[in-house]
Amino acid sequence: MRAVKILERVLITIPIMFGVAVVVFFFMRLTPGDPVDIMMGQAGAVSTGEIEQLRREFDLDKPLYMQLWLFLTKAVQGDLGYSYTQKRPVNELIFDRLPATIELAGGALFFSLVIAIPIGIISAVRQKSLVDQFSMAGAFLGTSMPSFWLGIILILLFAVRLGWLPVQGRITYGINLEYVTGFYVLDSLLGRNWPALVSSVKHLVLPSVSLGASVAAIVARVLRSSMVEILRQDYVTLARAKGNREFLVVMKHALRNALIPTVTVVGLQVGSLLGGNMIVESVFSWPGLGRLVVKAIFERDFPLVQGAVMIYAFTFVIANLIVDVLYTYLNPKITL
Amino acid sequence: MQGIVSGDNRFSRLVYVWRVRWKVRARNLAEFWRDLRGRPLALLGGVVVVLYILGAISAPYISPHSPTQGNLRYRLRPPAWQEGAEPGYYLGTDDQGRDLLTRIIFGARVSLLVGLLSVGISVAIGTALGALAGYYRGWLDQLLSRFADLLLAFPFLIFAIGMMTFLGPGFTNLIVALTFKGWVEFFRLVRGEMLAEKTKEYVEAAKVVGQRDWAIIASEVLPNIIQSVFVLGTLRMGFMIIMEASLSFLGLGIQPPTPAWGSMVSVGRDYMLTAWWVSTLPGIAILIMVLAINLFGEGLRDILDPRLRVE
Amino acid sequence: MAVKNRMLLVLMSLVLMAAPLASCGTPTPEVVERQVVVTQIVQETVIVEGTPVMVEVTKVVEVEKQVVVTPTSLPARDVIIVGLSAAPVTLDPADHRTRNSETVIRNMFDGLVTRDQVSGVHLELAESLEWLDEQTLEVKLRQGVLFHDGVAMTADDVVFTFERIINENMIEYPEVHSSPRKGLIAPLESIDKIDDYTVKMNFSAPWPPAIQMLVHQQIVPKHYLEEVGTKGFIEHPIGTGPFKFLSATGLEQIVLERFDDYWGGAPDLEPVGPPCVRQVVFRVIPEASTRVAALLAGEVDIIQALPAELADTLAKTPGVQVGTAAGTQPKWMEMNVNQPPFDDVRVRQAMNYAVDKDLIVEAIYGGRAAALAGPLSPYNNYINTSLVPYPYDTEKALALLAEAGWIDTNSDGILDKDGISLAFTMDTLEEFRSLAEAVANQLRALGVDVGVRFWEYSVVKPMLDANERMAYLDDWGDSAFDPVGHFEAKWHGRVTGQTYGRGNFSGYNNARVNELTKLGEITPDPVVRQLIYDEAQQIVYDEAPAIFLIIPDETEAARADIVNWGPAADSRINLHDVCVAAQ
């Protein structure tokens, strides 16, 4: 039964993704600026013959509905076209950058969970204590802080003033690292290359913190409030009465149930991680997808923007799908 | 139920419903103030927001200098408490020799206006469509809900960035871009509430006494869910302000010389190593404003609508 | 039961996630044994004696050797990392028009000639250049020059290179198009091979700056390009330059390695021989402050485009050196001469009087810039020395504007005429933000309502080409120090399908200037040329299709232990000679 429900949920995402592709396509095509003019930006004088040729190459000579149809059929086959400015297939450009972006998002998520889960639990257990008050104040700050500003402040403090952490990039140059997956932390772990691991983790810290701060804040607050509620429930009192140790009660009975709303919130925050990475990558010169897209937007590199925004939207849709599925496992009472 | 249906009682029943609701509301107001005083943080947030608003309104009168005209001779002077400060420039100057304090005060106008307008329009559109969809269901609901789902598939900032590329920078476009996706949250809230309220007794009653649909929606149901909308609106405002700052930071928002906090932080990045104040101080202005709005909004939520949880 | 298992799973994954954090506290540098190829240079002698030249090729012995590499400490600093301000657009020497592309490319490729850090041109792959007549140039090529794959460079490669640039539709990837560098050598009509080491270049007319312009074309290997195509070529470019391509991450980080068989480089420019350092890395760091911070932290060795306000601070910072060179990128704000209010020459002149260039030079550039006196850079070989920058004179500006009918009648602080305010939007690129805002500020102080809008060049260019915009602040390089580039591109009227006026965003079109421009291009006699360009500059100066602003110095910075380094006027970073000083 559950499998059927999950399948249904998966199927629902298909029209949404289709809609996403269509919306993105029209936005890009209706944006002012002739793509051919933009492609020619570098070249100076060109013949009309060449312009016609370019139009043909990029299907721009066909009516809009044909362009849409070609775009969709190609996209389904995994062909997202050519970048106007970089002159390489969009696919290639995106997949070159994707590992860096996923590593950053993963780092941010890891950071936020490592911070938020203990804080959420402790704050809930020791309600109104100093720890609670401080953490919740911190959480408030975290949600109110623009990530780009936090990034700048962190660079100023930890990289420029104190010199503890690097300013930019993913790894110190000169460290030999065999690139297998493109995730530097993973690659250095696989190769048991400890200097590379230290370097890549160090590079990951500041961007992850800037990106993850608001997520950490939100997760900590959600976890705390659901813990507080659950700790008041009868079955928790019962578990205490049975003489279970408090630690066990909290971890086993309360945390599991409190994780349900938390997981939902984390799923929703994937969106802010994806959007935020465009900003944070710009601040830290992180060679990921976000920076590529921001640049492409300014250069009106439509195929690239189109492809990348679709990837972002799909990732988001899929993340929410995973959360929904996870949800049914955490709380079997809930049906999709 | 019997009493409602019987013809003679119809009018007196309606009067009764109204009277009870007004009483409830008046009591709520008094309670609200008492509750707010019991929450110093929310009160503080409210006070700070009011101060920001006052500052933004009176910006031309209280600012010591021009927000757009600088003097290159006083370029990148530090704040008053640091060595080398220029007298009269309390928070120092930016790369054009403009007074940072003045620009921060004027920047509040942009942030507040963007926050208020984008949330206000989102609320108006979201509430109207949500009410219609929830009340009538059917194809309208299907259409709007699917469209909302589609918009939800885009992370907010990415969508806004895309919209701004499409529209080009500028204040109006900024509002359009933020609203285009912003209404969805309110739509979903109001639609959900509407579905729940619709089945309640008083709606049935109003239908029975022959009120028109729009009158039922506007005067019967909406007043009951407007508190939730208000709370969500307050909470979204901080978010919208951060979105505006992020877009301006990327150069997609407000264009110079109009001072906007996001672009001020962005510009200051170039001077990070020698003039920390240029990007740090506008950032603090954003932080404090959003913090105040969030504190106030949270307080509001706890008082008015404890059902709503953190986004 | 199931519940317990899930819990265990969650806990285990948490522990797994925490593992890297725990281990990073105690890094243990591991010693790795690697098999490497070490190249030993046995002998290197280059003898040059009149004509013909005899060159004794460098002898190289390759030894396979086991070396121990500790990944943490590479054999002390034989890698140089350069922080670029923008990514190159390609590594194909024939398919770009950006300086950063050229910076990277010229470390991998050589041209027939090269330029030193100022304006001197020196023979590189050409052994001699001789004008057979005013339109024919005979080029004798150096022998014994190897491409990175070991194949010798011959006349075939040179002919191939230039034909690929001057003929239409020679570049087939990603879509068939012509080389954007054609404009840099437009008068070249054809190129013929005479023998394996001699080619003849035929120009359509006498072209005095030919030698200066040849600096900007790099020789590519015919055999390799024909084998792998443009796509394969840009993925792994091969040239004759001092460094060979090793790897690239997108174009954000490009790693080059010393080419040990390098023929040595221009004999005029000491030192001659293979490069000093083993590897160079070009890393793109767009934000100026991040670039500087990375230099201070020792993450990079050389940075490009140091912001002027940081130059003084950095110069005083221990461990860092700052270098400047006279720049080649003059900046101006062009005004649309075909639309009001700028269709009135008095308004345009008024704009010139209203900008305090000295203050801008002092305040924004810390004195590391010069005011422009007319359309050419003061360092140009044909500058009109009788011209002085428009003085800062707001009264004169207001008087000129009043004469043109612009007076503040309604006392709103903005000048107006027939009920219309004097207002316009200045378009520019993000990199000129500080300058653009300063100019806008000064014009606003005069009573002109100026807004600033930032664009990406490729986006604003089509609008500028269509002459749709009001004002545009930008620069245009003149690394050849010859007026041809500027007059042809910026001050000659726009001619569709030709390179004339391709950068003319003001719509300015003066018959006499056009005539003088064309005359100057084909006049070999320097004295006559000077007269021609003097007149042309005078006309453009008076008619003021632009606010002639400033030319900043090239400012770069490096770690203190980087030697044989200095910024070049044409802003390329040539790493052939650069070394890291022994500690």
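The first chain written gets the first letter, and so on, giving A, B and C; residue counts start at 1 in each chain.
Everything that follows uses one rule, which is that a contact is a pair of C-beta atoms (placed from the backbone, for glycine too) under 8 Å apart; a residue touches a chain by one contact, two chains touch by 3 or more.
Bear in mind the structure is a predicted one, so any value in this text is a computation, not a measurement.
A.B. asks: Which one chain sits nearest the middle, judging by mean Cα positions?
C.D. replies: Smallest offset from the overall C-alpha mean is found for A.
A.B. asks: Count the touching C-beta pairs: is A-C or B-C ahead?
C.D. replies: Result of the comparison of A-C and B-C: A-C.
A.B. asks: Between chain A and chain B, what's the gap in Å when you average each chain's C-alpha atoms?
C.D. replies: Result: the chain centres lie 25 Å from each other.
A.B. asks: Express in whole angstrom the distance between the two chain centres, defined as the mean CA positions of chain A and chain C.
C.D. replies: Going by mean C-alpha positions, chain A sits 36 Å from chain C.
A.B. asks: Taking the mean of the CA coordinates per chain, how far is chain B from chain C in Å?
C.D. replies: So the centre of chain B lies 47 Å away from the centre of chain C.
A.B. asks: In chain A, what residues contact two or more other chains?
C.D. replies: Within chain A, residues 155, 160, 282-283, 298, 300 contact more than one other chain.
A.B. asks: Find every residue in chain C that makes contact with two or more other chains and list them.
C.D. replies: Where chain C meets two or more other chains at a single residue, that happens at 287, 293, 296.
A.B. asks: Please list all residues of chain B that touch 2 or more other chains.
C.D. replies: 251, 269, 272-273
A.B. asks: What does chain C use to touch chain B in their complex?
C.D. replies: Its residues touching chain B are 287-289, 292-293, 296, 307, 309-310, 313, 356, 359-360, 363-364, 430, 433-434, 437-438, 440-441, 444-445, 451-454.
A.B. asks: Quick one: which bits of chain A touch chain B in the complex? Just the residue numbers, please.
C.D. replies: 15-17, 19-20, 23-24, 27, 30-32, 140-141, 143-149, 152-153, 155-156, 160, 218, 221-222, 225, 261, 265, 268, 270-272, 274-276, 278-279, 282-283, 293-294, 297-298, 300, 305, 309, 312-313, 316-317
A.B. asks: Which residues of chain B touch chain C in the complex?
C.D. replies: 68-70, 72-73, 75-76, 95-97, 169, 251, 255-257, 267, 269-274
A.B. asks: Touching chain A in the complex: which residues of chain C?
C.D. replies: The touching residues are 3, 6-7, 17-18, 20-21, 23-24, 27-30, 32, 69, 71-72, 74, 79, 81, 89-90, 95-98, 168-169, 173-178, 180, 183, 249-253, 281, 283-287, 290, 293-294, 296-297, 299, 456-459, 461-462, 465, 497-499, 502.
A.B. asks: Residue numbers of chain A touching chain C in their complex, please.
C.D. replies: Interface residues on the chain A side: 33-34, 37-47, 50, 53-54, 57-58, 82, 85-89, 93, 96-97, 110, 114, 155, 159-160, 163, 166-169, 172-176, 185, 189, 192-198, 201, 252, 256, 282-285, 287, 298-300, 329.
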